[in-house]
Amino acid sequence: MGIHNYFKSLSDLEGMNRCPGKFKYQEHSVASHSFKVTKIAQFLGTVEEHHGQELDWRILYEKALNHDYAELFTGDIKTPVKYAMPELKQLFSQVEEMMTRKFIEQEIPEEFQAIYERRFSEGKDETLEGKILAVADKIDLLYESFGEIQKGNPEPLFLEIYEEALSTILRYQEMHCVQYFLDNILPEMLEEGVIPYTQINKLSKHLLGKK
Amino acid sequence: MGIHNYFKSLSDLEGMNRCPGKFKYQEHSVASHSFKVTKIAQFLGTVEEHHGQELDWRILYEKALNHDYAELFTGDIKTPVKYAMPELKQLFSQVEEMMTRKFIEQEIPEEFQAIYERRFSEGKDETLEGKILAVADKIDLLYESFGEIQKGNPEPLFLEIYEEALSTILRYQEMHCVQYFLDNILPEMLEEGVIPYTQINKLSKHLLGKK
Amino acid sequence: MGIHNYFKSLSDLEGMNRCPGKFKYQEHSVASHSFKVTKIAQFLGTVEEHHGQELDWRILYEKALNHDYAELFTGDIKTPVKYAMPELKQLFSQVEEMMTRKFIEQEIPEEFQAIYERRFSEGKDETLEGKILAVADKIDLLYESFGEIQKGNPEPLFLEIYEEALSTILRYQEMHCVQYFLDNILPEMLEEGVIPYTQINKLSKHLLGKK
Amino acid sequence: MGIHNYFKSLSDLEGMNRCPGKFKYQEHSVASHSFKVTKIAQFLGTVEEHHGQELDWRILYEKALNHDYAELFTGDIKTPVKYAMPELKQLFSQVEEMMTRKFIEQEIPEEFQAIYERRFSEGKDETLEGKILAVADKIDLLYESFGEIQKGNPEPLFLEIYEEALSTILRYQEMHCVQYFLDNILPEMLEEGVIPYTQINKLSKHLLGKK
Amino acid sequence: MGIHNYFKSLSDLEGMNRCPGKFKYQEHSVASHSFKVTKIAQFLGTVEEHHGQELDWRILYEKALNHDYAELFTGDIKTPVKYAMPELKQLFSQVEEMMTRKFIEQEIPEEFQAIYERRFSEGKDETLEGKILAVADKIDLLYESFGEIQKGNPEPLFLEIYEEALSTILRYQEMHCVQYFLDNILPEMLEEGVIPYTQINKLSKHLLGKK
Amino acid sequence: MGIHNYFKSLSDLEGMNRCPGKFKYQEHSVASHSFKVTKIAQFLGTVEEHHGQELDWRILYEKALNHDYAELFTGDIKTPVKYAMPELKQLFSQVEEMMTRKFIEQEIPEEFQAIYERRFSEGKDETLEGKILAVADKIDLLYESFGEIQKGNPEPLFLEIYEEALSTILRYQEMHCVQYFLDNILPEMLEEGVIPYTQINKLSKHLLGKK
């Protein structure tokens, strides 16, 4: 049995950076991303429940926590590749499933295999939990790209990523949690200023004036 | 309202390394640790359920995911300090609670404050979920220290940490998941060999012999 | 005896970063900070001596060099925590003293224990040397925060740190070295421009024009 | 025209690490790998020429220098994935070609497109230069994996990589340069010792004895 | 024989960063630099050939690939030092030659020594290939400094480096490839904008408006 | 005046790593090294004083703190280069002095120039303080190399560095502090064991046995 191997593999997710290649001021690992997506999904689920939606928390947490685990097997394929050819995307998903199943058969004890098959399956779907995962995944991507742009990254790709993320989030705007995000959270992000270099001067003069 | 600030703060956990100071071959952030602890707790809960235990998955995931969030406020106090004086440990917990409450009042919308007070409260307790968290936390610590020792870290502290982690896990050995860990997972960890330097020679000679 | 352990511990200070958590373009270790504070204190002491002050250089260097050594024992407690409760700050100092004393008893040979008790004791006090240390500590903090802001770090905390550092320095403005700093050094910092992106264009056109 | 974009893209190869995920003591970027493969191919070509083989140096250098450039477009797909399904491997190559062609059309001036189509095409083939590239690529992989094992990396994958690399090299053993490698270079690699910890003791006693 | 040592030494070039000391958002190793200079020289040579120039590709690639190898022996001497005294520059070159020769005698097999003496000799000279190397070296330096300035590095040195690099390139402006660079590539670099922080706001409003 | 520039330059020493090129598990910056050398010199001076030697602490601290500052100007020239030719070493020292003097004239206020000329001058000489600096410098180098060997660095150079460092220290063995080092500190270093991989097994079995 390989639960030991499974536990060990979790550290590998710490060594896999998202979006490799382009210069970033701050790298984010797949492990950190999974953590943040789960925390974000936790909040989105809280909003949905607050609005009377019935949420299966167990399913939600499972989907969020495990949604990128398979990157351990497949590596990080750039999105344009997956979408270049429909047949490629389909074959790639098949391979991803095959390798996930092989991993489960090799490492997961028989009595837990069914549960882990569900846990490692594709989490984004039309259920409430699946949609919350899709939104949470894009919200983290939005913060990642916003972070780079705000820090001054001149690479245009991050603006494209920001745009794609926000557009996808908007496709779910009939959801309570997305409405909440658009009404309360996004405006705060957009209101963030920078610290103009001149602010140091102002602040210093003010403090020196008080002496 | 500061859910935006809350979402932003999640990245800060990526920049906080555990056990700072001692040389490590591989650093682990608080974010990665929280992710791994939640995945481990997921498995331990699966074992418990398999043995007929009734588990509140929502509570379990909440405890695991949020258990180190407060380190954002307090910083990383070395364990020997907290235990040097009972009064210090107590006062420190009070301050940690105060600062967490202040954060919740400042950033969490009123309608969600009760939920987040529960989420940010101390997760380790006598409930099944609380005990699973305590065990999962130590299992990750066991893997962290084992990883350093196996890679050749000469620092004796890691053996002490390994010992303390395993001892704590053993205190919960009446639990099904801990029994499972001791019977199936720990032996595999202990059976891990190293790759002796001579193995390269053997392998090469074998391959060259086949030519 | 553990002077060997003491020498080894110096490297640990290289692995402890200041202000962990918040994204920084440039991290600074406790070792680097201690080095810079000592060099800054060296200059401040030079100014004081130049103005006829009697300075005990041995004491000054000892205070500066050792002022953060105890962070090895206690970890990095965030400032707001220490000040959240007077009793906590006091207890924390007691624990810090206890652990320092324990270290000295364990590692420092008996014949040197008294000297090292002095060296590891709190350096900031009302003596000239103690005040120079307090100022030098804040000047380095000023440069750290200024560095982040100038590089474009959007995190408001660095402006708060800059403000707190400058305010503290101003509390010592009756000192010659602080006057010197305010009259000669700070203005140069505030006069630093950025390299506007347009400057590349101008420079290039100028060079191309000369061809 | 986008030669400027092409020049910019070269830096991206510095930010892409090989074999992401598994813990490594030393990471190697695609840029560094391309550099080393070209230097190794330079030597292998020298040996071939020395044995009277006719070598097209221009072709050899082009193949080596550009052989991994397309990873910029496709990302790093793990080898097991590409080989999981023949159709996937084929489709993947098609997509890789498509994206490379698109890049050439977008960024390379028309008058140079033919040349760059050749430069970015698959370099490994049955020509002498193509075989040298295949060997050089594996020799660098051999050194990468050997380096990790020698430094004490407990991850079994590196021994598998070492084995696969050496086996592939052996398939080309009819080549002069591979014979040279097996007779002169590999033995030196296998003769490398480690520095046993006891060697410090011996050396120190020897030096102290001389005092 | 030490071709094994030679292959091993290539990794050392990955651990040597250019221009050490000054804060950089993005470090570049000597290995990466050599890779990029060779790719750039490849393009410049293509332009020259396109204009009917006769180019020895073997010589060009050798010069570019090996031009900084000797930094392994000498370390990274800052340019102002080398030019501080003519005698120093001359003596330094002599030592560099001596150490390179010693390396060749120690590690390179006799039958290849002549070839490697040529490969490790100074590549910049009055030949077409030597001039292409000189230009390619400065183009990479231009991109390195431009990258830092564009990312917001406040250090004035990078503007000086940018200026020196562009001035040197301009000294070769009679070359076709330099004309091409000035007419087609440099303008694109200078046209690069930054992503103004306000662009996020505009983009978001636009997307939100479409909902 | 440029004390501001002087203060800024201190951070540059944080970005300069010692012995660049060779793979190291743990890098050490010039800033950290200066810090540790000063702390070590502090202890060595304590021993000397304990034995009745008269020590000028001010001079000792100045020598230690500033001894590598000039590397900012010259870069890191590898030792074999400096010793390859006596004339080179001499010229190099001249250039180093010239550049240091130029820096002092440009940045240090007139009233402090004499003091800083002394501070930046060569610290190692026949005085007690100068000899303590020479020993402290080598002790830190000993710990740096010992650290790499103990962690398993297979690079033979570190054993050579260890040997050279210890040999140099032994040349000063008539000093009380060196006697102390050889009698009390070095033995402890040599007695350090490694944590044999089997020790985990033993420890675990022991803990499990107690259950």
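Residue numbering begins at 1 within each chain, and the chains themselves are lettered A, B, C, D, E and F in the order written.
We adopt the following convention: contacts are C-beta pairs under 8 Å (C-beta built on N, C-alpha and C of every residue); 3 or more make two chains touch, one makes a residue touch a chain.
Being a predicted model, the structure only gives us computed values, none of them experimental.
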Intersection of contact partners for chain B and chain C: A, F
Set of chains adjacent to chain A and to chain E: C, D
Most distant chain from chain A by Cα centroid: F
Equivalent of B-C within the choices A-D, A-E or C-E, defined by over half of its residue contact pairs recurring: A-D
Shared interface numbering between chain E and chain C [over half = same, under half = different]: different
Chain located farthest away, centre of chain C as origin (C-alpha): D
Approximate Å spacing (C-alpha centroids) for the pair chain D, chain E: 21
Centre distance in Å when chain A and chain F are each reduced to the mean of their C-alpha atoms: 46
Junction residues of chain B - those touching two or more other chains: 11, 13, 23, 25-26, 147, 150, 152, 186, 194
Each pair of chains that touches, named by its two labels: A-B, A-C, A-D, A-E, B-C, B-D, B-F, C-E, C-F, D-E, D-F, E-F
Residue ranges of chain F touching chain D (in the complex, touch as defined): 23, 25, 146, 149-150, 152-154, 156, 158-159, 162-163, 166-167, 170, 173, 182, 186, 190, 194
Complex interface listing, chain D residues touching chain F: 25-26, 147, 150-152, 192-195, 197, 199-201, 203-204, 207-208, 210-211
Chain C to chain F touching residues, read off their complex: 1-8, 10-11, 13-14, 26, 28-29, 31-32, 34-36, 38-40, 42-43, 46-47, 50, 57-58, 61-62, 65-66, 109, 111-112, 115, 119, 139, 143, 147, 184-186, 188-189
Footprint of chain F on chain E - complex, ascending: 11-13, 15-17, 20-24, 72-78, 80-81, 84-85, 87-88, 91-92, 94-95, 98-99
